[in-house]
Amino acid sequence: MYDDRLVIAGREFKSRLWVGTGKYKDFEETKKAIEVSGADVVTVAVRRVNITDRSKENLLDYLDPKKYIILPNTAGCYTVEDAVRYARLARAAGVSDLVKLEVLGDEKTLFPDTVGLLEAAKILVKEGFIVLPYTNDDPIVAKKLVDIGCPAVMPLAAPIGSGLGIRNPYNLKIIMETVKVPIVVDAGVGTASDAALAMEYGADAVLMNTAIAGAQDPIAMAEAMRYAVHAGRLAYKAGRIPRKLYATASSPIEGML
Amino acid sequence: MYDDRLVIAGREFKSRLWVGTGKYKDFEETKKAIEVSGADVVTVAVRRVNITDRSKENLLDYLDPKKYIILPNTAGCYTVEDAVRYARLARAAGVSDLVKLEVLGDEKTLFPDTVGLLEAAKILVKEGFIVLPYTNDDPIVAKKLVDIGCPAVMPLAAPIGSGLGIRNPYNLKIIMETVKVPIVVDAGVGTASDAALAMEYGADAVLMNTAIAGAQDPIAMAEAMRYAVHAGRLAYKAGRIPRKLYATASSPIEGML
Amino acid sequence: MYDDRLVIAGREFKSRLWVGTGKYKDFEETKKAIEVSGADVVTVAVRRVNITDRSKENLLDYLDPKKYIILPNTAGCYTVEDAVRYARLARAAGVSDLVKLEVLGDEKTLFPDTVGLLEAAKILVKEGFIVLPYTNDDPIVAKKLVDIGCPAVMPLAAPIGSGLGIRNPYNLKIIMETVKVPIVVDAGVGTASDAALAMEYGADAVLMNTAIAGAQDPIAMAEAMRYAVHAGRLAYKAGRIPRKLYATASSPIEGML
Amino acid sequence: MYDDRLVIAGREFKSRLWVGTGKYKDFEETKKAIEVSGADVVTVAVRRVNITDRSKENLLDYLDPKKYIILPNTAGCYTVEDAVRYARLARAAGVSDLVKLEVLGDEKTLFPDTVGLLEAAKILVKEGFIVLPYTNDDPIVAKKLVDIGCPAVMPLAAPIGSGLGIRNPYNLKIIMETVKVPIVVDAGVGTASDAALAMEYGADAVLMNTAIAGAQDPIAMAEAMRYAVHAGRLAYKAGRIPRKLYATASSPIEGML
């Protein structure tokens, strides 16, 4: 197996599968799915889940802080102010100076508001946060985010919770050509092959929540995703055979994504 | 994990990844890749590889018969006579009464000649062979093969060695509706996600050779395929989330393959 | 505009859109849709529509024989005997020595039974019929049909009436490389872009019925198909720009179908 | 045929195919291609083509202003200042108060810089321009543009000149659900079927340049595009048949784009 660890902003990640914590039946199921997934990055919505008040039931009681990197996120924030506020709250509570930054554009599609995102990222980077932005698949926006100081970008594969998989691998490819930071595909993955594809396209990691939590058997799907991400990464490194119309065709069908 | 073994003609298979033995650098690499792949079914071209003359260097010296199910195949046979002859040869040499039956239509595309295939299958089934036919993705041909007595069908995903993946999941789906025997997707897989997809569509197993042997690093790709098949199967059993245009859309995008 | 007529078995066809006559509300609508489509080849199911008994209401009363080439077809035939019988019946009634030969494999999918098709084609070619076979998208079967004496092959895009469009352009491409007769894509077209795509892939003509007759407004769809086939053919001849990841990319994304 | 005219900001457009003027061999070819395309909207890069200095050779000498709506565009502008300047220049020269607004993000991909685009749009709308913005396929950006006062949005199908067609029909669909102004698909169309597809997805018009000008035979491709856009629009209005796995399947494969 490859020694193939992911490093972002000086931090090393053991797994290339990052997981969310929403939509599970209860904290027990959340905990079990996360364990089975093999993820070490676990993202938590500061606005929705109590991770700051230790006097009440707290997701962090279920997640061993030595085992997991807790990544606070600003899900549910539709303004720059809100997103910045919840990021600060998480840091102030000692959770992390990492933040998965979400500034959402509407409640229907949960698409990012990239204008707001850029603004919030600017503020938080200046305040010393390690900002991992949830963004669309536009390479120009990705470049702006990196120019601001984001050490990775997290483009969507498809709308949050849609399960549609990577709708535009071409844009993903252009993002990879355009910025030289790790790319974490975030949102839209529906099943194992979607995760494998993301890794084969060259993504550095995949973040998902609904695909696991919303499956009929979340624990089995967590395991499927663990192996799919590993398989996709290995296949990417192993160097796949060229696509041809048939084996004896003289030229490969190059560049097909 | 599911207790989810595959049974064909009363034989139980531990792995849902079946592998070929062609195109490797040498027998050592073949052996190593097969080990890493976790496969227990290993198919061998009777016409090309010596598995019948034990006095010469023999692939079977590298494959522990207690560990692997050797599946002789009739690759390289373009006539009913040839295919039948090599199947008999393998059985006579004590290799197996299983045969992966190939009757090829031309040397360029290596598409099956389904007319010849049906004829050869009929002969071999009558002689007591367990015939696993390499066929096209036509459900009517699949049904004829099952009616003849084949206990599984092995439709191609795409031409042998093409690496194009499953070109027509619709036909695969119709085959699964039409026949009630295990489906082993055979030929055309290019990379890990292709294997995961085949399993997610409901295939019972995937057979591949070039995708592993022809990868830049065959051993790494063998491992990728092991995990991809496992991931795809788990995802199939786990029950994926529905596809929607976005999470709050009222209706799923049903049936999209 | 190109002088770009289609010739099959010495007969010249003005339009590359061929149409069926089933599923319309009445003969008036059938007639109108065909007129608007600009088709000159009109196929009629000998088994279903009365075209042989001139004493009863007859579709041919609505179709000017000077304007249209009536192509009898053997839709609804599931055996060699039936297909051969209806082809002979049509010729005996003076309709045509052309036949669109269908030998169907089952009532559910209406896939061709290619074994039966080859047998029936052999019989009818020997009897002097001009056999245009409705077949699957298998290049080996296509080659056998041409070897038997069919002057064109008519592979399906997708199952009859499915509206799925060309499910496997790769196979279509391989058929075009394998046989040197005109290819008429038959069955499966759902909307205008499907027809345009078929022509852009290099098909010589497209035959459709349900896509027009089953549309909410069959007359408007007939017009759409007329222009789509024309547009697709023109685009094929005009030579499209290469696909690239972006305009300044150094290499095209070649061969993508 | 439908009475189906397109109206944007009170202006009526006869054709739903809009064309550019770049990359042709000479003005004669440009003129001929435009004529054959049937377009009435012709877009011209103010920065690149002389349309303001009537004393020099001028594209407008070749285009009858009574026949065509000249749509100045700000291609080649990478800053808000530049884009605004060229828009003003075109209006000052009496060309039009319409502007196809481009603020590009980089020279490699020619993706829009949506942050700059929004800023420039705000300025120009305030100055009374009718701003038609070339944008990415992000529905949140589209909504912001409409909120600013753009009477239509022009999302890319794929990067300018890429010929990749509509890479993300899902986003296009979401844009159509999100804003209630006409959608003109702009950039990325490669061949006739791409244009037909855009219209079938529900686009109100398609703008293209390279697909025609860069074809081996631009005049034939112009004609192909004319018919493709017409066919796609008609098919959209005619109401296509549902997609099913096969005709007798009980449920359609709904929503597949």
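Which chain is which? They are A, B, C and D, in the order written, and residues in each are numbered from 1.
Just so we're on the same page, a contact is a pair of C-beta atoms (placed from the backbone, for glycine too) under 8 Å apart; a residue touches a chain by one contact, two chains touch by 3 or more.
In UniProt terms the chains read A, B, C, D = Thiazole synthase.
The structure displayed is predicted, hence computed values, not measured ones.
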Distance in touch steps, counted as few as possible, from subunit B out to subunit C: 1
Remotest chain, subunit B as reference, centres from CA atoms: D
Winner on C-beta contact pairs when A-D is weighed against A-C: A-D
Separation of mean Cα positions, subunit C and subunit A [Å, integer]: 48
Where subunit A and subunit B are represented by their mean Cα positions, the distance between them in whole Å: 35
Subunit A and subunit D, separation of their C-alpha mean positions in angstrom: 34
For subunit B, residues contacting two or more additional chains: 108-109, 159, 162, 164, 170, 174, 245-246, 253
Complex interface listing, subunit A residues touching subunit B: 1-2, 107-110, 159-164, 190-193, 195-197, 200, 210-211, 214-218, 220-221, 223-228, 230-232, 234-235, 237-249, 253
Subunit A residues touching subunit C - in the complex, by the definition given at the top: 170, 173-174, 177, 245-246, 251-257
Interface residues, subunit B side, partner subunit C - complex: 105-106, 108-109, 111-115, 118, 136, 138-141, 143-144, 158-159, 162, 164, 167-168, 170-171, 174, 178
